[in-house]
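Structures are listed in the sections that come next.
Next, two complexes with chain A in common: one pairs it with chain B, the other with chain C.
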Partner chain A sequence: MNRRRDVVLFAAILLLGALPLVGEPYTLRLGTFACMYAVMSVSWNVIGGLAGYPSFATAAFFGLGAYVGGVLLTKGATLVVAMAFAGGIAFGGAMLLGAVLLRLRGHYFAIASLAVAEVLRELTNTATDLTGGGMGLNIPLGTSTVASVAGEASFFFLAMWGLLLLTLVVVVAVERSRLGFGLACIRQNESAADMIGVNATLYKSLAFALSGVFVAMAGTLYAGWVHYIEPPDVYDILFSVKPIVMALLGGLGSTAGAVIGAFAFLGIEEIVWRNYLQVHTGVLGFLIVALLLFLPNGIVSVGRRIKALRARHV
Partner chain B sequence: MFTLQILVNGIVLGCLYACIAAGFSLVWGVLNVINLMHGSFIVLGSYLAWGAYNSLGFSPWATLFIAAPLFYAVGYLVQRGLLNRVIAAPVLVTLTLTFGLDLILNNAMILAFKADYRRLILEPALGTLAMGPVVVPVDRLVAMVFALVLTGVLYIILRKSRVGRAIIAVRLDRDAATLMGVQVKSTYAAAFGLGAAMAGCAGVLLALIFPISPLSATAYLGKAFVVCVLGGLGSVPGAVLGGLLLGLVESFGAMAFGPEHAVTLSFALLILFLIFRPQGLLGKRGFE
Partner chain C sequence: MSELMRLEAVSRRFGGLQAVQDVSLSIGRGEVLGLIGPNGAGKTTLVNVITGVHRASAGRVLFEGRDITRYRPYQTARNGLARTFQVVQPFPELSVLENVAAAALFSGGIGGMREANRVAAEKLEFVGLSLAAGKPAASLTLAMRKRLELAKALAMRPKLLFLDEVNAGLNSAEVEIAMGLIRQIAQAGVTIVLIEHLMKVVMSVCSRIVVLQNGALIADGTASEVVSNRRVIEAYLGKKYAQAASGEA
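For the complex of A and B:
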């Protein structure tokens, strides 16, 4: 059942790659955001869903990736090099930080991970020479290989789409591996997992690092795509919360659910943005509350629920 | 001499931080819920003080008596109607739920009051008080005294009153408290109500000192976090000690490293405490 769902998911996402053939720039922009959100929620699911640690560090990774990549791009590095660098720094940093932070549990871990984004934002803000500080950072045009506006839209869509595919392949492989099994053990009972020989510290740090590396790369792509970044924009706490809402929307702990949740969330967000500009954060809040109270197991559980209802009525 | 002034500033600031954090710490300690609405409650309290002073002529101290029952009722209802439904769910769910509620509340405030900054200006102004080389604005001093009184009242409620003892009993051992006949759900609601009342009252006092805007909610929330972790969860003395520590660290840190690093410094302190002393200064291990 699970395997079939993965195959369907991959097929659907592969199909999405044909969007530049039919889409206009607006559709492409939406598609790029959809892939970016999916990268974030699938990544968060590794630490939050598989290992069960409520991480709020997504914004930290995203901002770090955007600034590391953005600075490298302004210094003339190619996009691939910038992304690789950002991903590498996020991975290494998360491994080191994870070894310390992941000793905390529950609320304490949540807050510590939240504080990482705050500290990084303040540091970015004050390192004016390198990052431009509060004035933001302009990333030169021409990071893509094509010059036209429409061409650039397709280029960044395809890049983000490719990143999503890469993320999915790695995450699904991890889920099926020894590491994934160990993480599931840690989620269910960490002390017991420790007892039977799961190297909990290493596994948790790896999960934390994996939840950061692709998000940082997405940050670099975002920086190259929008050409201008500033600290409050890329270290926005909403970047930490949205992936969680997406994963909850789709169904906690499943990669397919994370992707479905990300797409559904983007759809809702776009409708709300377009129609209720003044109150869009309020509507988002309302959505979160309703979701948690009435659909705590996400969209994936709707089919199961309907089946259960039917069974009861027969 | 200069150091003495900074010491006094730090203590004044610290008492206000204690008042901000006491209610937050109570909710976190008793319900195991991080109330992300706390910052918005504080700002709402400031608006209440501003509105009551400018349109009705109520002084902020009088407004305290309106704010406390009003915010208690709001908090009680939020806990009863919404949070109690998911109180047994994992950390992530309650945290995200209060985040959603905060988005609604904050957006409503931006719509109602706009995002620009306002200031409560007392007529006549209270002036300043000079004690030798140290100068303190009287409004700050009054706010500090009221903050201490409020925190003291919360402490007495928790120590002496029936509902306060019930809250402490639920915090120590929920199952045993249930067996002894404590109504856990209404006790949770009372604790959340007290937390909200403290936030509202703190907001009324802060209106005397800081500009009022819906955008300052996150800053207040951040302070409450740090103070709780420094002092230890769920204890009023912990909140006071944590508040004073944060106030002093921020004041002296701003002098030593420059004011732009004050936030980084307090968060660095937060992470250090989380790693080396997660139970806080006054907390007991295994009691979190």
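For the complex of A and C:
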């Protein structure tokens, strides 16, 4: 049923890769953010949507990736190596942490995962020698292969776009695998899943780790892109909240929905920000509440709702 | 009859409550064992301890000679212990077929989804749910959900099957069907532990009956031995009735 929609969406994302051919710096910047947000919401959907554990750890993974990658970049590592390291550390750390945190359910897990970013932020602040602490971290120019400003904008857009493609391929493969099936069982009834032989602790930890690995890589790209990071910037709680809003906006549990939700969210955010400079967060919050109230199953459910309405009026 | 499972002085405490105390029991291969007792006697807790939901506070659980006392639920499931729940536990958003296929995939020693679906269809046919295969599990009636539980447990290719009140809440026609199914499963060589309140079912299906009261085993024997056991009558009907009954006899 959703096969056609998924194909259309995938084609649209592929087409987005042509943006540097037509885009000016502003559209490229917006495109980079769109891909970054989509990486975050698609990743969050693995733990929040598939496994049903509302994680607020996205900011922790993002900040961790930004700092691990950023420090490596300042030490002269290539971008690919820095990203691989950041992703690996996020994956391993999330596996270990998940085995502990994922014993908690519902609100308790949400609060515990919220604390992870705070702990990492404090650690980053304290490790001044390595991270520059509160002074922030300068990442040298020249992490991209091109020298010009416009060239660099295209480079980081394409890198973020490539990361989104990678995330999508992995997440869709996971969804269709034994792991994805097991996660669906865990979300619907964890004790019953245990009883039919699903290793819930392992599966949940894997889901948590998968929700972190690509976000951490995005963090590294972000650090290389903006050249300067500081703890309040990359461990921003909003990086934890926004992916959840995006996934809800698009349609909880649906990968396609997570992408659509991310793009829609960025669009709304940008329009609101431009028109209501003083009160934009307030207006944005109001809009989100209204959307969730009137479209609880997200944008992906619009087609279904129109069909249902038509059926009622015929 | 060779031994499939042995409990050695198994106990489980919840704070001050001794839910299961010092239960020692041997279950033979191919047996249909009835586990009965008044409400709150610890029957379900005992099954929970065996299947790893709760860990035994003391004692050992041996399955096929292996110590499984510290196994977690998914491990006991993969080793051939299946159960149905007293309160049915379907995956509500999955279809009936997917529910059973999940059990086959994760515990039935099956590699692929296609094979899991085939096994699931077979088990659904056995319990008579083929027509409902495509429906979401949440839409089933109670009797059908009980049969879905059974199909899930069977798809795990169990060696030992715990049936926790599969007949509770069913009407007499539905109970007849369920009894037929239990007999067929037993004939196929699966060892069964039947937790049941309906004595009609216990008496006609079980080859041996054990009785739990306040967490302890108070009787173990054939159906007729158990129903004439004084302690069992006391447990169910009270001391006075037991005295009166033995006075008459």
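The criterion applied here is as follows: the second predicted complex is superposed on the first by the 314 of 314 C-alpha atoms of A that agree within 3 Å, B and C clash if a C-alpha of one lies under 4 Å from a C-alpha of the other, contacts with A are read in each partner's own complex, and residues count from 1 in each chain.
Assume a residue touches a chain if its C-beta (ideal position, glycine included) is under 8 Å from a C-beta of that chain, and two chains touch if they have at least 3 such contacts.
A quick note: this is a predicted structure, and the numbers were derived from the prediction, not measured.
In the superposition on chain A, A:V119 makes contact with chain B only, while chain C stays out of contact range. In the superposition on chain A, no contact is made by A:I271 with either chain B or chain C. Taking chain A as the reference, the larger set of touched residues comes from B, when chain B and chain C are compared.
Applying the stated contact rule after C-alpha superposition, one finds that A:G182 touches chain C and leaves chain B untouched. Applying the stated contact rule after C-alpha superposition, one finds that A:G106 touches chain B and leaves chain C untouched. In the superposed model, A:V279 makes contact with chain B only, not with chain C. Of the two partner chains, neither chain B nor chain C is touched by A:L130. Once the two complexes are overlaid on the shared chain, A:V198 sits against chain C while remaining clear of chain B.
Here chain B touches chain A in the complex through residues 28, 32, 34, 82, 85-86, 89-93, 95-97, 99-108, 111, 218, 222, 225, 229, 260-261, 263-264, 267-268, 270-271, 274-275, 278, 288, going by the rule given at the top. Contact residues on chain A toward chain C in their complex (touch as defined above): 178, 181-182, 184-185, 188-189, 191-200.
Across the complex, chain A is touched by residues 51, 53, 72-74, 77-78, 83, 85, 89-94, 102-103, 105-107, 113, 152, 156 of chain C.
Chain A meets chain B in the complex at residues 48, 52, 54, 100-101, 103-104, 106-108, 110-112, 115-116, 118-119, 122-123, 125-126, 237, 241, 244-245, 248, 252, 278-282, 284-289, 292-293, 296.
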